[in-house]
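Just so it is clear, A, B, C and D label the chains in written order, and each chain counts residues from 1 on its own.
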Amino acid sequence: MMELVKTGADNHEMVINMGPQHPSTHGVLRLELVLDGELIKEVRPNIGYLHRCFEKYAEELQDYAKVIPYTDRMDYVSAMNQEHGYVIAIERLLELEVPERVEYARVILVELQRIASHLLGIGAFGLDLGAFSPFLYLFTEREKILDIFEKNSGARLLYNYFAVAGLMRPLQDDFKGDVADFVTSFRPKIKELEDLLSYNRIFVKRTANIGVLPAKVALNYAASGPVLRGSGVAWDLRKNDPYSIYDRFDFDIPVGTGEMGTVGDCWDRYHVRVLEMEQSLRIIEQALEGMPDEGDVMAAIPKRIRPKDGELYVRTESPRGELGYFISSDKSAAPFRIKARAPSFVHLSMLPAISKGALIADVVAIVGSIDIVLGEVDR
Amino acid sequence: MNETLSSMPFLPALLLHAAIPLTIILVYALVAIWAERKVAGFIQDRLGPMRVGGWHGWAQSIADLLKLIQKEDIIPADASRFWFKFAPFMMFAASYAAFAVIPFSSGYIGSMVNIGVFYLLAVTSVLTLSVIMGGWASNNKWSLLGAMRSAAQMVSYEVPTIATVLTVVLVAGSLNLMEITELQSGNDTLGFLPNWLIFQNPFLITAFIMFFISILAESHRVPFDLPESESELVAGYQTEYSGMRWAMFMLAEYADMLLLSLLGATLFFGGWNSPFGDFLAGPFWGFFWFMLKGLVLVFVMMWIRWTLPRYRVDQLMAICWNILIPLSFVNLVLAALWEMIF
Amino acid sequence: MDLAAILFYVFALVTIGSAAVVVFSRNIVHAAFSLMFTLMGVAALYVLLYADFLAATQLLVYVGGILILILFGVMLTSQGYTLNFREATVNVVPAGLLSVAAAILLIYAFSTGGWVITEVDERTDTVYDLGMMLMTDYLLVFIVAGVLLLVAIIGAIVMSTRLSVNTED
Amino acid sequence: MVQAVKNSWATFKSIFTGMGITGRHLVGPTVTLQYPEERATLPKNARARLFVNMDDCIGCTLCAKACPVNCIDIETVPTTADVDLGKTSTGNPKRFWLTRFNIDMAKCMYCDLCVHPCPTNCIYMEQEYEYSEYDRSNLLYKFSQLSPVEVDDVKAKAEAEAIQKQKEKEEKARQKAEEARLKKEQEAAEKARAADDGTGAVPAADAAKAAGTAAPDAADAARVAGTAAKPAPGSPSKQDDTQNPSKGEA
């Protein structure tokens, strides 16, 4: 009748497949759960269902600019951030100067994208735990961000908007007004989210003290982004290794404090994201102030991008953590080698460590709280 | 109506008796499934189904039903065929049978047995078994997990349900739901309030809260919808079901929800009694008031469902065994003391 | 033959038939599910005897409680429900002898016993009578049974708390 | 005990707060569009479907080269001398017949990369977003304005012209070779005469060198003519439109 584990010593263990088609694995992830009743004895993530050979394909494309739309498709929830890291890498390879207006516009877009990504992550997390309505409330807000993106870039999800040393299309005239409107309308929604979800006792019960990731373990696994900050480590590349123009802005790094349970539990990871949205709003406000109204959106760049011999690693803070691009150039039109360091992949690797001894329902909470995107895990 | 029925020949009377609750359940289920989606839609700033039937998609459930009837009846290859086919019918039969003792109006009750409440609880306990049966027979691990959760949950929550119902029975002094309802007619509590039991004894208010929590769990509603929690167990014991058999499960779920809400309305809110004394009273209006009270409770259940996350299975059990069961028994004793003193 | 008699035979058949399935089924879960019909059939027979309270108790306790516990036990103990019983058991001869002896005894008792046939007492309120009896004639038995159950509950709590349960809640 | 009561109270309070919020949304306005009846107005920037204005296309194939997924397939035939295709609206002269301009929208990933290199801005993204098809092959958009007959005609003409050109080239090369041969013969005769004289040794060596270089020249010219002629007979086999030749995918 049921498959009993032959490998384990105890024959009351049960192996069950969670995914690849499961509502709360956030894509095509397959988790092999070894269960004792509902207790998790072991989790074995199986990945690769969404593998699209990003790295190999980038080397085959014969053009650095052609790779940009492919970076969108890694973490499709935060495509702007993926492009940002990549164009920064190319700009550094070519030693290009980026116009001021573009830098500001990029920061605004990237921070908006961070909010959009967190909205999706938080909403889906609530959905995993059974709260359906917050998901749709947050999606309403996300739609507003996507409207701004669509107005300027033309697309809603996979933008291909950042070009080397510029933007693919000029910004619309009312860009600043749209963003300012969004910022004012979004603040009360964070409060509503806190009331509806964050401090809901059932939600707290489901997330506090669950999947505790101590700071030391997080560092050992090379965690980054909200997952690391949730464990109480104030590490944010925008502050610790500033790129673009992030050194000009004043913002805080929210960290997990163990307000509802232990430092580094699911609730902390979740709440760091909520607080980060607030900080992103602050950055956007400052950027709106500093952004020049006039100016080019495209610097003069060589027609054919042929960087000189060399290699470099550029890391940026994507909504999920440290997104790094390693590019090795051999003077040709195509990169000799591109390697993308995907935070989701790194974070997924610690799932077995933190979900041992949890219940099935906790695995759902843990997977939701580390907020992986399978497009990025598999690339 | 009961008088008319008793004067009829046996078999037609029997069929009519059987048909009345069935009609109510079927109509209610169609409306409730549509209403559930509309409530969900409005809560989430959407509109819900809008396309079938004109005004606000009122015919959506009918269209769904027609679709489900036509669908292929898929039975997994390694399923235990007989029990797999049997479980949905048994589940529906159990919740349908329980309607026999619900006093729909002053003129109609299916069976005037003296052990009404007790019979109702006994029959609904069969629901648990059909859930296990469906989950086990599907030969799917997720289904089995859902079935086990469901069994544990329903067996546990039966205890606080029975304890709170017992509190009402103690105050009312009868197990017959019709008698309990008749006891609550009139409008003289504190001069203006209806004589509903919930206003009669302060411990019945706490009893109602506990009763409501228990029936949420008994009818698998959020935050206690663990047996079918779609984001964890996919759909729990219903995973392998499709078409008409799945529809039977849904029908039984919704019937169960109505049944327990109506039980709550009978026990605590005066059943078919009008809230305005003699105004708008009588058998027909009695039915109207009774269904209204039940549906308000159903609506609150829907509202809760679209607001809250769900508990984890061990927390669910902890709530039951650590809080509800002791509290409901303490409440029972206190209510009894109150009755003795006043 | 009136309706009650027809119903009696129907329910008796259901009871005996499903009991046979319980005994002869090779799959222990099928056996457990069949037991449900047996218990329900018995409950129906109680109803025919005007013992409605007893019938409801039968449903509530046996079908809603004990049978589910049996299923739990069957499903949660390792391999229990995958095990198919062998049709020919080793003790077939002693078991056969014992059953034949029991059958002879029963038939003897049935045919020689002096059966007193009385009119069916159409009680309308069994609950009241039951309550009265429990609180007067059978009070001691009732209390002893209650104490026994209390002891069992305390024992169960003691046994289950020995496992380190997360008490914080 | 006190803690338990506090916890229960907090739970109830948070549940009621949550129900209050959802209750407000229950009576609040909806945010969705009833799609087939109401449609969102897309911003003028929106990218939904590729479109090519063939009147302006000059057949430069820059878009096809820019496409990362090779969904644009262009085949051009040079115009013959007697045809003038005119100019585009941007003033660029059109020098090619576009015998094939196919875009496979099933492959397109809406990246916008083909739009930017276009010198005449004739390829761009439309706002039309409802173009799903039951048959995938219907998503292969054919923009070429030439009918198959015209395509054959144009190709034949181009081929004829190519052959003509090749012939001219060959003729030229032959003439050149002839001249070289004549020159060589003349020089050889001169050399013989000089040898007879016994004085012209140095110019004779020069002449021999000149003859040696002239011969490879002729061979070269013949080879050039040959390559020019080659594609013409090969092209008809490529005409199958449904089989999209994916040449860049190697």
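Rule of thumb we're sticking to: a contact is a pair of C-beta atoms (placed from the backbone, for glycine too) under 8 Å apart; a residue touches a chain by one contact, two chains touch by 3 or more.
Computed from a prediction, not measured in an experiment: that's the story for all the values here.
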Chain with minimal offset from the mean of all protein Cα atoms: A
A-D or B-D - the one linked by more C-beta pairs in contact: A-D
Separation of subunit B from subunit D, taking each centre as the mean of its C-alpha atoms, in whole Å: 68
Centre-of-Cα separation between subunit D and subunit A, whole angstrom: 37
Rounded Å distance, subunit C centre to subunit D centre (Cα mean): 84
Gap in Å, rounded to a whole number, between the CA centres of subunit C and subunit B: 28
Subunit A residues counted as touching two or more neighbouring chains: 1-2, 133, 137, 140, 196-197, 200, 202
For subunit D, residues that touch 2 or more chains besides their own: 15, 18, 21-22, 25, 31
Subunit C: positions in contact with at least two other chains: 76
Partner subunit D, residues of subunit A touching it in the complex: 61, 63, 65-70, 133, 137, 140, 143, 150-155, 158, 160, 168-169, 172, 192, 195-197, 199-202
Subunit D residues touching subunit B - in the complex, by the definition given at the top: 4, 8, 15, 18-19, 21-23, 25-32, 34
Complex contact set, residues of subunit B against subunit A: 40, 43-46, 78, 139, 141-142, 144-145, 149, 222-223, 225-226, 229-234, 306-315
Parts of subunit B lying in touch with subunit C, wherever the complex brings them together: 10, 80, 83, 113-115, 118-119, 121-123, 125-126, 128-129, 132-133, 136, 144, 148, 151-152, 155, 158, 175, 314-315, 318, 322
Interfacial residue positions of subunit C with respect to subunit B in the complex: 3, 27, 29-30, 33, 36, 52-53, 56-57, 59-60, 63-65, 67-68, 71-72, 75-76, 124-127, 166, 169
